[in-house]
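Listed next: structures, encoded as structure tokens.
Both complexes shown next keep subunit A, but they swap its partner, so subunit B is in the first and subunit C is in the second.
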Partner chain A sequence: MHDILRRAEPLTPPVPAASRGFGRLTLDVRQNLPAWKQAVFVGSSLILGLAISVAILAVAGIPPLTLASELAGVLTAENLRGVLIQAAPLILVGLGASLAFRIGFWNLGIEGQMIFGGIFAAAISIYDIGPPATRLLLMGMAAALGGGLWVLLVVFLKLRFRVNEIIATLLLNYVAMYFLFHLLYGAWQDSKTAFPQSTPFRPFERLTDIGYGVNSGLLIAIAGVLAAGWMIHLSRIGFYTRFIAANPRMAKVVGVPVRTATIWIIAISGACSGLAGFVNVASQEGRLTQSFANGYVFSGVLIAFLSRNDPIVVAIVGFLIAVLFITGQTLQVFYQIPFTMVQMIEAIIVMAVASSEFLIRHRIRWIR
Partner chain B sequence: MIDFLVNWLANAPVTAVPYALAALGLIIAERSGVLNLTAEGLMLVGALAGAGTCLMLGGYPAVALVAAMVAASAVSLLFAVLVVVLRINQVIAGLSVVFFCQGFTGLVGTLAKWQNKQLTGLAPLKIWPLSEIPGIGRIFFQQDPIVYLTILIFFAVNFLLFRTMLGLRIRSVGENPGAADAAGVSVTLHRIFAIVAGSSLIGLAGGYISVVSVKLWVTGMTGGRGWIAVALVVFARWAPWPALAGALLFGCIEALIPQIAAAGIRVPQYLMLMTPYLATIAVMIWVGTKDSGITQEPGALGQPHVREERR
Partner chain C sequence: MNAALQLAGIRKSFDGALALDGASFESRSGEVHALLGENGAGKSSLMNVAAGLYAPDAGSISINGAPISLSGPALARSHGIGMVHQHFKLVRPFTVAENVLLANPKAHFASGLRDIRDAIKKQVDALKFSIDPDRRIDTMTVAEQQQAEIVKVLVGGARILILDEPTAVLTDAEAIGLLEIVQRLARSGTAVVLVTHKLQDVKRYADVVTIMRGGKTVATLDPRHSTAEELTELTVGQTSALPERTPHQGGPTRLNVGALTYTRADGRTMLNNTSFYVRAGEIYGIAGVSGNGQAELAEALIGAIDPSLGEIWVDGAGDISHAGPSKRREAAIAAIPADRYAYALAGSLPIQDNLAVAQIRSGRYGSIVRLDRAAMRRDAIAAVKDYDVQGVRSVKQKASLLSGGNAQKLVIAREFSREPDVVVAHSPSRGLDARACAAVHQRLIAARERGAAIVLISEDLDEILSLSDRIGVMTRGAIVAEFERPADRQAIGRAMVDHA
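Let's look at the complex of A and B:
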């Protein structure tokens, strides 16, 4: 009895937090952050990512000064033509990715859609369909159709069988690649050279320069940017897209045609990638090659991610990534750095910028 | 015909092991609630580390496989920090890691000149006298040690996940991190552990491809096997044994391709190479058609946990 009373008696006051060592880190969820602070966080993480990339390249045998001079070389007038040619397919895949991401569809089948765009366009050339005057137009339309159909296959699988589109689109890239190989090592092989390439397109089947060192492929990309910008910001389907992305159930209840709008947006996304394939084979390569779509999946993801799915910003980021591509090609030719290096840098940039989101959303505090 | 069957089935375990180990590694991570898409990249890291170690030491495939595990775990720490500590979108983080690994292994493999160099490989383990049974002996009792080790690993992981306190905590963190956190289980630590431990198995899968099965390093040699493993996890409903069965199925499909060519059956080569990917999609369709009210998917899969965030 006595014992129990004694033990209940002096309740020791809680130990003050400060004396418990160092205290602890906590996260506060921020409600909002002024735009300039967000820009600072994103900008500094971008710089950090680029610094890491430069450091890795330095270890790989490219000193930063050499890198800077190569970069300056890429931006000179004569090389700018190459950058602009490269920018066109990149902007188009960026548009394709951003449209799909806007509606919450992970379109990672950009390479497959590009390949089928290229195959459809090449088919028009190989089977000599239509008069020469409308040949390029027909090839472009066929390419858009090819890319669109290839992604619609996944849309069907997702809507009908609930197949995860991330895995389906990625796996179909391999299927498309082997189908391309099947054609290039078989029926469509260039009989003259016996290389796994199609016969070169005729002059009227190629995207030519329109003066000032600008390729007409870039016009297609710019038209795509304007069309997508109109669609997203001004048209009804753009409004539907924002509605569906915000709350698909609500959208459905108030009468938005959710299914139709989703299917159309994704089909247009695939068509953009198909067009990118067409631009690549008809301007840079001039024929169907084995590797014309290599390295575009993650480029599309990166461009869409950095531009926050805004078509106008896609054009700017696409141009910057084109500079990276051309620099990568230069390093490959002169320093034997494999082109996969470009993918690595792209991945580092995405990781760095995505990490800055953490600082934008949370405040880290030290509680004692 | 019998010869064809024996040749085919004797090769199936070798092609099945990478799928099995990678899927198992993914299951450990995803049971803790982390949507893990990194397998394709980490397998490449494992393959490169294994091949590189083998070339530098001039043999020692066992050491090479350990190096593959360590390397993949080390890279997976990056993923763990991105998704568990910094809580960035798990799809974006997974894709970034895959493409980072593709670029990085391509760079290192080329600069170190490890491309297309023959490796010694691992001798098969003959379980005498069972290995002398005609047919069956070749299929079941003359495989390399890793095939048998894989089965032991499956027993071990199954025990770990479903019979130990650690496994219970990992699964609780994946089902309901808020409740687990309230019960005093550290969400952060258990998720990081699950990612790193699972990734060591993914690295072993990659190392097995380069060191034991192909005996070469080629840039991008995993060729989408990591994505197939991701699909296998869905197919297996996040359970180890069905994953092993699925891996065997894909092993059989993959092993069939060279056998058909060797038997002199004329099939378009590149169309044959599509079969594993098309089979994966077929399997996913099959999963989708089944009436599945219960998907067995970990409750918090893909959701970052922030203690201070009210839901």
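Let's look at the complex of A and C:
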């Protein structure tokens, strides 16, 4: 009898966790958390993220007080104009990202879609298509089409061959970028300056100020916010997106046109990014340049994330990120900090909010 | 000599539903002990208690006569109890050796892996298996993966080997090979427990058989001295009286399923020329041991999968076997799937949205540009009241907060809101308590009285017997036998196992 017991010994006797003398952490999944508590979690994470950012800037040589006065300086009329110009493309990429994220399509191809938006818009200018009066409208429509088509390529690959959209959209950014370079160093190069940029747009091809320091690009962004808000909250396709995100198999069985709705939402997401490209080339740059889309993937994801994919909140967050950008530019000029520092602050905020998401979904308990 | 593993008076309930009701079981070294029973009889639950995965509410466990308490699977392993689950617990991108090492941790990775590899080779040779310790699991066939599971458990020092439905995933030849190896293993001194619902396996390979029914162990006997009929009767139990009701009137055919064939992505044919018809005002029950294509049949009928061949003809709509969801909705087909949260509800969305979603397209809740949420709310409140859905504080609360029975009532409220002509119900009372179960059955009978054609797919033979006008037995993706009401329970039980 003893023999059998001896042989029943395992190779290594396991030590039960409870006998180690310490407690341990466990995670419980939360069922439901009231909205105000969620807001408290997100808000305190945001403050923590900003505090870390301030600390890092202090180490880099910018005392917190100076930082505060620089932030206050943003609110002068001239800086505010810059903020509003900057806010328009940020809000549009935020919309692009949040619409796609709503149905679980991880669109990281915002830059590529912006580039094609810019290229399509510039093509209207370069080939001189349509009468001057409707030129801007045509350019905007072309930009939306360009961004939409570029992302639909990935939608096709995903639906037909199950290609992962995260990788596909991200890598196609480089394809778009080199195609842009191909144009700017080749056929579309400005012959007067020989710089790698297109010839400047004509005056009626540019988004100009409409008074009070507000650029017409911002109107496009606001129109986009209202349209997306209506689509998500009031229209039928918005209702469908919630089911597609929550349970696509079930959605299909109960009669939601999953495929059609998915394709449309993602195409509109690409179109938003395309419009962001148009706003950038037609307001800030006034021509197609090499770098008009740089860094927007990250900003778009950040804005979508902070706004929890709600189009109306996207507008607010987009504005705040624009403030961060303009402050960052000032710091860059006057304190010689690199622009990567601004991107790092963005990253810290994303991580802080991401961790708050975890706390909203789980409860951490200490068990003795 | 004491029993190697002894379970006595085990009780276990899940969320109020009793899964094990005083079950007792004894397994000896050197024997293959079969545990036979229908689906849901409690076989797997009992063995999960033995493997330390479930903590029993009451009862005792002893190993070699010494009482023990199992606080987890690691402790069960240390007592020499090893279980091979029906769904393998292997890390697919890892090699066999890495998987065995993961289950039997060593102090040092590199030297541990070397030791493990030797131990695996020894076991593989002893059992005459064919697997290579350095092959990745995802390059192996199902039979080879099962060998890896068995080796993993034996390298861990198991003296009591529990195999949960080991032949369910194997071809006939593979199953015979495995059972012969298992028999040899028992002869060399291991106590083997074979959880199964296959009578032939029990008759040919088991030394002892314990039969479970309704969470109880009803008999332990020697399979060689009992007939298949006796075993079947013990497994399915006695026939209970059927409820009275109006006889079926024999209306026109509403649904015809013709030679439906479906092959899964992994190459297994799940539906193999499935054919049957259902008339108006008739409940057609489909009985069978689970895994014989019932799930796929239900999915094909509700449009979750695309059958490769055959037709699903519906009166007035024609062949809908490849039709999209909207055409199926137009054909007035209601779907009550087995897995509510997979196919019927979006748990994270409000009750109101879950009720409205099926009729959004018809325009009942507003146009494309503007949804009519007030109408949704009105209808939802009415449906919750009509179908007696309990636990609803607001129709805006998440559907996942409802209990199983109430979630099912919600599904039925949505699916019956447009008076369906055809109802596909798959295990509609799974996991429900008696009251909710009765309510669901009442709804199905009401639909029948109204003239709907109802397909009732269920692994619960009692449910099939009490509700159905005609019963088809499904085995290996085909209807192999049909019975008229009142059907003989024993005959159905035999049809289910004879063809398996």
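Everything below uses one rule, namely that the second predicted complex is superposed on the first by the 346 of 368 C-alpha atoms of A that agree within 3 Å, B and C clash if a C-alpha of one lies under 4 Å from a C-alpha of the other, contacts with A are read in each partner's own complex, and residues count from 1 in each chain.
Here is the rule we use: a contact is a pair of C-beta atoms (placed from the backbone, for glycine too) under 8 Å apart; a residue touches a chain by one contact, two chains touch by 3 or more.
If you're wondering where the values come from, they're calculated on a predicted model, not measured in any experiment.
Undergrad: Look at A:Asn247 in the shared chain and tell me whether it touches subunit B only, subunit C only, both, or neither; answer first, second, both or neither.
TA: So A:Asn247 only meets subunit C here.
Undergrad: Please indicate which partner A:Arg308 is in contact with in the superposed arrangement: first for subunit B, second for subunit C, both, or neither.
TA: Once the two structures are laid over each other on A, A:Arg308 reaches no partner at all.
Undergrad: Among the partners subunit B and subunit C, which is in contact with a greater number of residues of subunit A?
TA: Touched residues of subunit A are more numerous for B.
Undergrad: Using the touch definition from the top, say if A:Pro257 reaches subunit B (first), subunit C (second), both or neither.
TA: After superposition on chain A, A:Pro257 lies in contact with subunit C alone.
Undergrad: In the overlay, answer first, second, both or neither for which of subunit B and subunit C A:Lys37 touches.
TA: After superposing on A, A:Lys37 lies clear of both subunit B and subunit C.
Undergrad: Once the complexes are superposed, what residues of subunit A are shared between the subunit B interface and the subunit C interface?
TA: none
Undergrad: Which subunit A residues qualify as touching subunit C in the complex?
TA: Per the stated touch rule, the residues are 1, 4-5, 7-14, 16, 18, 31-32, 234-240, 242-243, 246-247, 249-257.
Undergrad: Show me the residue ranges of subunit B that touch subunit A in the complex, using the header's touch definition.
TA: So the residues of subunit B touching subunit A come out as 37, 78, 82, 86-89, 91-93, 95-100, 102-107, 110-111, 219-220, 223-224, 227-228, 230-231, 234, 268-271, 273-274, 277-278, 280-281, 284-285, 288-289, 306-309.
Undergrad: For a test of understanding, state which residues of subunit A touch subunit B in their complex under the given definition.
TA: So the residues of subunit A touching subunit B come out as 26-29, 56, 60-61, 106, 108, 157, 160-164, 166-168, 170-172, 174-175, 178-179, 181-182, 185-186, 297-298, 301, 305, 336-338, 340-348, 350-351, 354-355, 357-358, 362.
Undergrad: If you look only at subunit C, which of its residues touch subunit A in the complex?
TA: Contact set of subunit C toward subunit A: 2, 29, 63-65, 71-72, 74-75, 77-80, 104-107, 155-157, 159, 302-304, 324-326, 328-329, 335, 337, 341-349, 353, 357-358, 360-361, 366-371, 398, 400-401, 414.
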